[in-house]
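Below you'll find the structure, written out as structure tokens, and then a few comments.
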Amino acid sequence: MSRLFQLVLAAALVATVTFLALPVLAIFLRVPPGDLVAQLGEERARNALLISLKTSLIAHAFILLVGTPAAYVLANRSFRGRSAVVSLLELPLVLPPAVAGLGLLAAFGRSGLLGGQLGVLGLHIPFTQVAVVLAVCFVASPFYFRSALSAFEAVDPALLGAARTLGAGPFRVFRRVALPLALPGLGAGSTLAFARGLGEFGATIMFAGSLPGRTQTAPLAIYDALDEEFDVALALGALLVLVSAALLLAAKLVPLWTRSNSPSTTLSVPSAFR
Amino acid sequence: MDTLELSLDHALRSFRLSVALELGRETLALVGPSGAGKSSVLRAIAGLLRPDRGRVALGAEAWFDSATGMHLPPERRSVGLVFQEYALFPHLDVRGNVAFGGRARVEELLERFRISHLAGVRPADLSGGERQRVALARALARDPAVLLLDEPLSALDAHTRGVVRGELAELLAELGLPTLIVTHDFEDAAALADRVGVIVEGRILQVGAAAELLAAPADAFVASFTGANLLHGIARPGTGGLTEVVLDTGGSAFSTDQAEGKVGLAVYPWEVSLARTAPVDSAVNHLRGEVRSLVALGNRVRVSVGPLTAEITATSAERLVLAEGELVVASFKATATRLVPLGS
Amino acid sequence: MRSLVVVAALVALAGCGGGGEDDDLVVFAASSLNGIADEIDPAADVVFAGSNDLAAQIRDGAAAGVFLSASAKPLEELRDMGLVEEPVVFATNRLVLIVPAENTAAVTHLHDLTRAGVKLVLGADGVPIGDYARASLELAGLGAALENVVSLEEDVKGVVGKIALGEADAGIVYATDVHAADVRSIPISEHFQPKIRYYAAIVSPGSDGARRYLERLLGVEGEAALRGAGFLAAPS
């Protein structure tokens, strides 16, 4: 009986690994590397990559600049409705991307909630790169926020209190104690958020549309190239696989590297010293 | 050096904290069971806690005054706070920790606390005693006007504790700062402080020199907290002007204190002597009982006899050949007893 | 062990196809044929999508019996590869201009599309509705309108969707595709209509069910269904 169980476990593992690895390997096996590089030189592929990189980086900068203080505040304050706020900030995680796109249209579209006011200011967001940035921000920010929140929550409040009795005001406490100690978690959340943003499709195509050279990101370009220029699609796909793999690796390594320099929790006296 | 004045009234989870203290150029220890509100007092002085009502002032400088709505943030108060588990910054080395409040006195402090050789070491690699010294050095880096110590010895093992206690007492004497120590151990308080305040459930029951608390405990809690045996009974006038206390556990005991009704009879373990048979001496109280346990404490032994704990020298314990289960007589004088009110 | 069984099952499923009864017939139809392709044979499994996406799937070995395409191009490659039999024209369609119900941009005619600031949505390169729309604009000499394109969608649904949401000002789709309530259609002059041809082809090797389907499509029922939906008969 136990032998059979072990076999079943092994088979399940093999099946899972095969299932997950096969599509990825298949991409690389279908296009010879030489062709891959050549296809990437093509104008549309290059445009798509540039747009993807530009919008992802801008979106990511916002996510870090706004998400970090937000997570810090929520980590250190308890107030009525706190868990509701946290759930709200995590909501995009469970929202289907197309619904996210609809939501963004409903808020910032021409006939959206803020559409009128924005229009008066001369700001038309749908079909622009701004829309791409917003879509990426919306779907990727919860990935960062969640990590950042738990990273800040893991910092012992006694350390923050100690810093204040040592003359550090709230900003210096954040900069010199909370931030360095939360860094591994922030780094991991950041790479995941960036990867998610890079691959964003559903909300982008709804909110920003798809126009080569303006709003067509790499994932949108892949979708566009599927029927007529399959090789370009493959090349872009392969590149995104490589980028995602690199990001995943970074997400794993960054915490390990920073943790060796600074443990993120306060010490409890080891029992040997009691 | 200014006097620290403190009066506060604050609702904690299960009771109200209501204390008033004055701290001059001395060391005052607040002792009490865990949860009595001791740490909250420290946090209020440091500014990490904002009391519902009250006033905290150092001399003429008000740090907190609920009447005027003034609440100076912690970073603007001249306090040095040593946390219970030291709260050393794990991402900085010893020098980084000590220098956090200010670089001016770092070298001097590292020297004084004999941690210069550890300057580049991370807290995780320090021993308990070393961590405590770093925490103290760090707290003193800003030249604080008031020193606050939260359970300074609890994180140490029994052996280190004895050594550190002595060193700490010397240090406090040298510094001459108004110091408030919080601890649950009366012996530590007695060793380190000039005055001791007993705090229970948010209220201070008694403040005075350790010897005073021992000699004249204000109530049963103070008595048992300071280490006395507390025997419950009913008091009534006895012969020779003494009070006879009929003990709940059986038998009677006599005291020179006057009281009537339900009382606690307090007698300190070191006032209790043991013998195989009742000695014929001036001690009036003799209680027969079985030895329940023997605990060695260096050159002393704590012997538990019936409802009493006696503390005798190890040599005497050997001489008497004491062992568990043996019948002995515990004696103490009527003059060595205190009668304290029971209840609350 | 277990995975081998799963893989074997998938292979068997993929291998099946072609020869089967009506019940097993899979019809690939251009999205604009929604409501018709399934009427011809209710028992058949009809898959609606952009014609070029469907062609790509057939190229990859999808198990379709009949392919109904909105233009010739997707079928040409398949025919050259020997994957389908000779295509047959079975219907034609017309293009219309669509605008949101409110039509805040006041688009009333094809040449309004060249006006600055008008947001135009078309089908992407290679998607039949996109190619037809661009051909129409060429015919009208309105190539400049392409500057106003804000999004290139992969199928008609995408175009209609953007208009229905009110986010874009105008789009060009088939006359038969205007069902949505929030969309108004504006006819395009006959002179600017491109040659739209719907082609049907049997996927090799042809099954009896597939041939029966094609017969019905080209016969009386097919004509009636197509006309009912607004399609025009194929010019002979």
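Read from first to last, the chains carry the letters A, B and C; within each, the first residue is number 1.
One rule holds for everything that comes next: contacts are C-beta pairs under 8 Å (C-beta built on N, C-alpha and C of every residue); 3 or more make two chains touch, one makes a residue touch a chain.
Every value quoted in this text rests on a predicted model; they were computed, and no experiment measured them.
Contacts between chains trace an open chain of neighbours here, each touching only the next in line. In terms of C-beta pairs in contact, the better-connected of the chain pairs A-C and A-B is A-B. Averaged C-alpha coordinates put the centre of subunit B at 87 Å from the centre of subunit C.
Put simply, the C-alpha centre of subunit A and that of subunit C have 36 angstrom between them. Separating the CA-averaged centres of subunit A and subunit B is a span of 53 Å. Chain contacts: subunit C has no residue touching two or more partner chains.
Only residues 156, 158-159, 161-169, 176-177, 180-181, 261-269, 273-274 of subunit A touch subunit B when the two sit together in their complex.
Across the interface of their complex, subunit A is touched by residues 43, 46-48, 73-75, 77, 79-81, 83, 85-91, 100-102, 123-124, 127-128, 131, 138-139, 141-142, 155-157, 160 of subunit B.
Interface residues of subunit A facing subunit C in the complex, by the touch rule stated above, are 7-8, 11-12, 14-15, 18-19, 105, 109-111, 126-127, 205, 208-212, 215, 223-224, 226-228, 230. Within the complex, the subunit C residues that touch subunit A are 1-3, 6, 50, 52-53, 55-56, 119, 121, 124-127, 149-154, 158, 162, 165-168.
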